[in-house]
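The structures considered in this document are given below.
Two complexes are shown next, each including chain A; its partner changes from chain B in the first to chain C in the second.
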Partner chain A sequence: MVAEPAQDQSVQELEDKQEWWWVAEKKRSKRLDYLRKSVWKKGALGGNYAPGIKLDLECATLFTDMWKFWKYDPIMMRRAKAIAHVLDNKTIFITDHSQLVGYFGSLPNTIMWRVDGASMVNEEAYNEPGIMPEPENESLQKVAELNDYWAGQTAVDKVARILDPEDAVKFLSGAIGWGAPSSAYGYSGKDYEYLFAGRRGFEDIIEEINAAVENAEDKTVGVPGPEILDIYDRLQNWDAMILVLEAGIRHARRYARLARTMAENMETDEKRREELLKIAETCERVPARAPRNLQESLQYDHFIQIFARTEAHEGAWPARPDYYHGPYYDKDVNVDKTLTKEEALDLVGEFMIRAYEVGGFAPRWAREGLQGITGTWVWTLGGVNKDGSDACNDLTVAFLQAARLVRVSNPTFGFRWHPKVKDEVLRECFECIRHGLGYPSMRNDPLLIQNAMHWHGHPLEEARTWVHQACMSPCPTTKHGVQPMRMASATANCAKMVEYALHNGYDHVVGMQMGPETGDAAKFHDFEELFQAWVKQMEWLTSLLVRTVNLGRYKDPEFFGRPFLSGMSERSVESGLDVVSPVGDRGNCWVTAFTWVENIDSLAAVKKLVFDDKKYTMEQLLSALKANWDGYEEMRLDFVNNAPKWGNDDDYVDDIMLRCLRETARHSRVMKCPSGNSWPILPENVSGNIHYASIVGALPNGRRCGDALYDGGISPGPGLDKKGPSAVLKSCGKIDHVSDGRAFLLNQRLSPTQLAGEKGYQLWKAYIRTWADLGLDHVQFNMVSDETLRAAQKDPEKYSEVIVRVAGYSAHFVDISRKTQDNIIQRTVQGI
Partner chain B sequence: MSTCAECRSFFLREDEPGQGDCVRRVVDPRQAFYQSKPVREDNDASGCESFQKK
Partner chain C sequence: MGNACLITEIQRFAINDGPGFRTNVFLKGCPLKCAWCHNPETIDAKAQIYWKKRLCVQCGACMEACPTEAIQPPIDPVLAQSEGVDYYKIDLARCNHSMQCAAVCPYGALEITGKLLTVKEILDEVESDLPFYKNSGGGMTLSGGEPTAHPDFAEKLLAGAKARGLHTCLDTNGYCSWEVLEKLLAYTDIVLFDLKHTDPEKHKQWTGVDNALIMKNLARLTQTGVEIWVRIPVVPGFNDSIEDHKAAVEFLNGLPGKIRRVDLLPYHNWCQDKYGWLGLDWPLGRVEAMEPSLLEIPKEFYEMSGLKTTIGGSGFEEAN
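Presenting the complex of A and B:
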């Protein structure tokens, strides 16, 4: 439960004490306060679900019933019918005071279960304590029945069967990567240009599909030939899209009916009656037809997200809400004056809350890697229009203000900074950071547009539409640019590269030969031999993950099928192909590089202390590593304190960073995605640094197996950046943020005391200018003092609303494990 | 045998003969809401603990 703020303290007093969470409670409307506190938090606490959170059996059962019934249908049609059955029959609800509706589970406290995704996950669902709805025995029986039915025929089971057996075993070992090679668990971009810029509702899309069907049918009764043969499959796909779009319209009308029933039969308060009738009117309009005002636009967007998540467990939420909903805000607030700014802020705050409450059942590794949240909902704000002019608008400001009022940890924002951003907007970004939200992260827009063009050949106008596909990676929202399916399994636990280079490809933690045999490191004569071994391990590890994902993507239309998402895509509506099919997709892949900087500091330490200074031999080092540094403490401290570390503007180690990145970039161009495009790396971590702590063995940077890894991206190791923030920026600035990789995460901690008031803002603004001038693409800030964080560890209830930036996402501090909390406190507080 | 049609929570749909919604108020530990679930008017209500005669 959320603790109550001291009633006797004024906003000013709370602001002076920087207790921003109580400030938010005092400042927000009664509606937002109710809605914010009414959310059932689905993010796992450390790795466990909160009491009261229950597995959604209703949707899983409805889906499976219909799936069984239509067993002779092709996969797209079968899935469309199963989804339609869920949307037509599941329990829906309208929360008191709400103005926006739609949840993908059946009740507010349920987590959706993607029952057709992976048998392994289903087994975990069965064994997860505390999440079975009452009566527990009946629920367990139901889950067992569903698991029996789906065993061996989930999307991931099907991919696993055709993977190379050795690849499958190594991938499933959990040591080198995570995720599932299926769109059942992916990050799905949305073709917002088609939907919102094109002002289309579902009925408009159905009309376009019908025209395409008519055209195709003409061909099937025409001259016989090979070119008409695949039309038959496309016709089925089009029918599936129509079926599920119609179900979406009916589902919205169920809400309209409920709202009207409430207004006419239950509600006595006149103002609430009006609100309910407005909900009814909104849900009768969208998603059937294009929105006309802000409420309809936000509701339309939310329905799209809910339907997409009814179809697949989407792990991310690529969106650009200020850009696509901004015109409606302008019309309602500035032109027609049908909404006051305060009323609009209520809608915007609730829009964030509706996303915050979304959560599906995730396996333990995902919960540990994304502590406190249910997916990486990083919404994109700011940036430029297609013509290069500033795209920030009044809704950009409203989102930044609403974020400080509702203080949710998901969604967060990534702000596309560019030189034309107005001071008033930049101040709003700073206020969010100063209030300790940890977001928005700052993204260097001109540089990332260039990066998108460089790696994936997006034309300039297309690149300018980019949104965060997950935490970090920019992806356009256009017909050919949108990425329908990013599978998280191209996520590399990169610390294994140096570990395997040192152990001839053998993994002492999992006890098997993983990487190629690159030679006994004890016999290496110079650093070059070690480095070349590292290159081979890097090539092997990234190639294995990419092979797996490429296969998963290629086979997905056959093994899974996305009729709803296809109906949201101009490319699919036009072609009749499943949206996951790579045909016509420009390709926008990347390998997420977890635990990257450990490679750099480890290689630098070996180079310096073994090969240059000859203080230790390779035999001694390998013995120490095999002993997990046990009995070698003095030597370990030497490797920690007397070897150069990344982030101190020291060319000795920074040059190793550049060599590693450039070797990887070279290999990124060799590896191709199903569309024939490259696979650049993107160093970042979520909270994988904690998940992998006991999976990565001892390393030459002085880390023991079990110690938390670095917090990720290109952030220096916690406490190892001893030369101040300029040195960190200078080290990071040596990287070419266009050609060396897709994006590079940088965490920084700043002092809330130093950044108080106007002076604080000016300091931060100057820092951002330097950051941009040095050519960095990303930076995000924690601005909560050690004192507050330690107090929150002692008294979690009192500080339950303190938010921190973990990695590419934020979380409530009390929801992350003690180890992750300590890791955040250890990060150096930089004075700027 | 009582049926859903006789229950206070039952609301007949205008455009779908025989089909209706069971609309009920729920207060859980965090929030209050109205929920709706499709039911047919001739559903057997004898086993329903929430049945309330109109």
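Presenting the complex of A and C:
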């Protein structure tokens, strides 16, 4: 899958040339090398799947068969039986050299198809060229049959039917946001405190459920009254949880049998035979009972992830592997000495590869938004313990080292930085960045703990357990803190706020009245009138999205239901409620704010050139915008070059940023989620800056419809940060990262030459300390030179392993579209 | 004068001009005419105009605005931008520096270099990166041009910086009277002292001035106890031979007092655009930039003689 490396070059030579992908190949073990090279890449290349990737029809068929059969069961039970049927019958396999098992498709090259999620996605699957298993005609027939069956009864179909019709049309227009208001698509936090800190296996959980059931049944045979009525539903839920947990245990034991059969009847290599027997022993132990060593612990975690993904399409992977598996690493490597560091590194590296391998079918727009990867698996490392002490351990270091050996673009890491992190751990983070991985992103732990407490009322100790729920958002891994369903479907295309404020709520791109009529901008007398119009558009846009997601969340137990995930939650095991029920959950919601900074630069440009300097009238500006700046080039350049821009430490425009954020933060407290908590915004872009390029109209910051939007949550516009990185940080530091929003994504471009050697580390460390002093919560680094990127554009084969950061995640550079590539290169090289 | 000076740039987040993260303040005007000068816009003490031909669409607005008819009539922009075409927008002989052309240019193709700023204005901007200095041992570096060519202003600026608690570096070519240097030392933490060549003839030929004063000042400086970083711009054909390095090492080791380190700065021609913008020919610009690794051997040579030496002058060589 990769071009031929120069075999005769030494590691030192390759390091000097910063050819990190070949360095990794030379440094990693034979096992990791084989596993890395044999893994199927599920991420789409510029929207297209790699040759050989096929839709998984086996699991979709098994699921549908059993779903049809139990058509009179309550939804939780019906889904549990369908999931169990998949786990009991799908094809399983063990890859050569592997020590960890479990894949959620039926073959290594298949992508899972969430057949009960959304009819419109199913239709896309039918029409996607190249992904039908052979024989293609039969597969197409099968897909058509499945689509016919599911049409109208998928989770999203059910939500769409009950939405307010006007909201639905606007939501589905694609202009103001994206997402699916259902747990069928999204991501779930796991109650790791219950499972791992609590040292529970599935059998322990089943025992607890049985006790709860017994207790509840005492009531159902007791005194009649309204308080016992909902117990009947809960009993069904509990039964469903047990059913699917037991299926999980059986599924693992199928692997145990397969491994044992291979060891005893087929394997001739003595060492491999032992490894297979170890796999068998591991799968007999977990997930039934709590793990005893690192291999069991990682295997347990992986099974949980696979089962959760068998139940729903999950686009993220909230996890904190060093924290929860660290004690087992310590026991095996440092205390019992049953594993060497190198053997442990093999397990850790494979654990990452097993996650990289996971991929589900996604519609084209989602694939284009997540170029090169199938979701954002941002794993959390570092941070503090519940008592506030440094939580970094030997496994933190092992993960950072393994990342440089396997060089996958998914998972990536977010590192919870705090002042007590030891220098040796920080150096490992730096090495990953210097090696061009683009991760870990640095997260400011003390700030984000405060943030989680401020917005959602998590108690301090719980807030300290936080993981990245998706790319950015901190969510605890506790009973009431876990977010079981993606509540970020309120993903807003914020540039529309200022666009609508200028056009009286009318959208000239989609050609309909979208936002409220906030007045003819040509008649605005001062900036305040425009700003108040912006506030109204902001309130309208976020409210519409939040209404939709709230409804989806409220109805999810009825429309979808998650028996397995419920079994992973202490809250559900105790209460018998479906985990997606909002009762007893703190919400953890946020509005993902795409294309946010365009508002700031646009408002500042109008304030400066129209209202302050009176160089242009509002009518002139509106005419220019309606013409998409065509014929107004000199005026457009004036708006680009002679109006203050965010990111230059200039209070004129930075104050507008703060006003916009604070108005939105105020409204965040007005909007409530089903459990009564707030909806703060989280400015980030993923690849939305490309997706929305042709959807957002011309703006006063000089942007034309069709131009890529800015690429980061609060990153300045490309090339507009004229005063360099310190001014960018200073501007961003004016934002209160606790109370102005949920989290704020900042991209920084690094130049490899200046980060070489010890002086590079010292520079970076001083930068990070300043970043923390200024009170920023996030920064991620893009560490590839322009030359490398240009060369990669010309000669993709040769550079297939180059990883770059594209807002919120890493991707292999050659996988992303030319337009995104150009956008990255255009980013100001910050010279750090 | 003395309270304000023409500044070509205030460069924040500089990492190769003294310890840590620094803000470089470039004063306009320099008594030397070094053939390799990387900042040609800082030589002339008056404000100048850049013409950035890549941005120019030849709209002719500048021509109409010019009071002295110093602007060339528009030609085909493609032709104007092509290599080797002898077309420069401004007739420098006729130009009276009214700057009207830059004021009207909508494309940013005509731009003034050299902005009159006061001590307070400069220090306000320098001070905004305080958190960076604090974490890296950084501060302000006064550079140029040549700061000692503006003794009163330089003194006020450095004194002002010290009064605000900022670390200061003075980046100088050393071509000034000792009294001026001495006056500035009172407010200088580190002197970045350029050493170009030890041979008087060659020095004069390539910089326009004799080096006796410079070498004398450096010797005297080492007796004051101030921290000194000697910076040697290594230029092909000028001072890059082993004999040149040998002479430099000999001179530096023969100084009466200590210097902290030597920074070897490899020649580059990345500033050739700037010469073009000013309408200047730059013969040396046709020499390719020097590969920094070529200085590894000279570096060893300096170090063997006991001089702590870097290539590139990073401000992060030592842990802070």
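Note that the second predicted complex is superposed on the first by the 829 of 832 C-alpha atoms of A that agree within 3 Å, B and C clash if a C-alpha of one lies under 4 Å from a C-alpha of the other, contacts with A are read in each partner's own complex, and residues count from 1 in each chain.
Simple rule for what comes next: contacts are C-beta pairs under 8 Å (C-beta built on N, C-alpha and C of every residue); 3 or more make two chains touch, one makes a residue touch a chain.
Owing to the predicted nature of the structure, the values given are computational and were not obtained by experimental measurement.
In the superposed pair of complexes, A:Asn641 makes contact with chain C only, with no contact to chain B. Contacts of A:Lys759 after superposition: chain C is touched, whereas chain B is not reached. With both structures placed on the common chain, the touch criterion links A:Gly724 to chain C but leaves chain B unconnected. When both complexes are overlaid on chain A, the residue A:Asp773 reaches chain C alone and has no touch with chain B.
After overlaying the two complexes on the shared chain, residue contacts for A:Gly52 are found with chain B alone; chain C is out of touch. The intersection of chain A residues touching chain B with those touching chain C, taken from the two complexes, is empty. Looking at the complex, you find that chain A touches chain C at residues 634, 637-638, 641, 649, 723-727, 730, 733, 754, 758-760, 762-763, 766-767, 769-770, 773-774, 830-832.
Those residues of chain C that touch chain A in the complex are listed here as 11-13, 15, 20-21, 59, 106-108, 128-129, 131-132, 134-136, 314, 316-320. Residue ranges on chain B touching chain A, taken from their complex, read 11, 13, 21, 23, 25-26, 28-38.
By the touch criterion stated above, chain A contacts chain B in their complex at residues 34, 37-40, 52, 88-96, 107-109, 254, 257-258, 261-262, 265-266.
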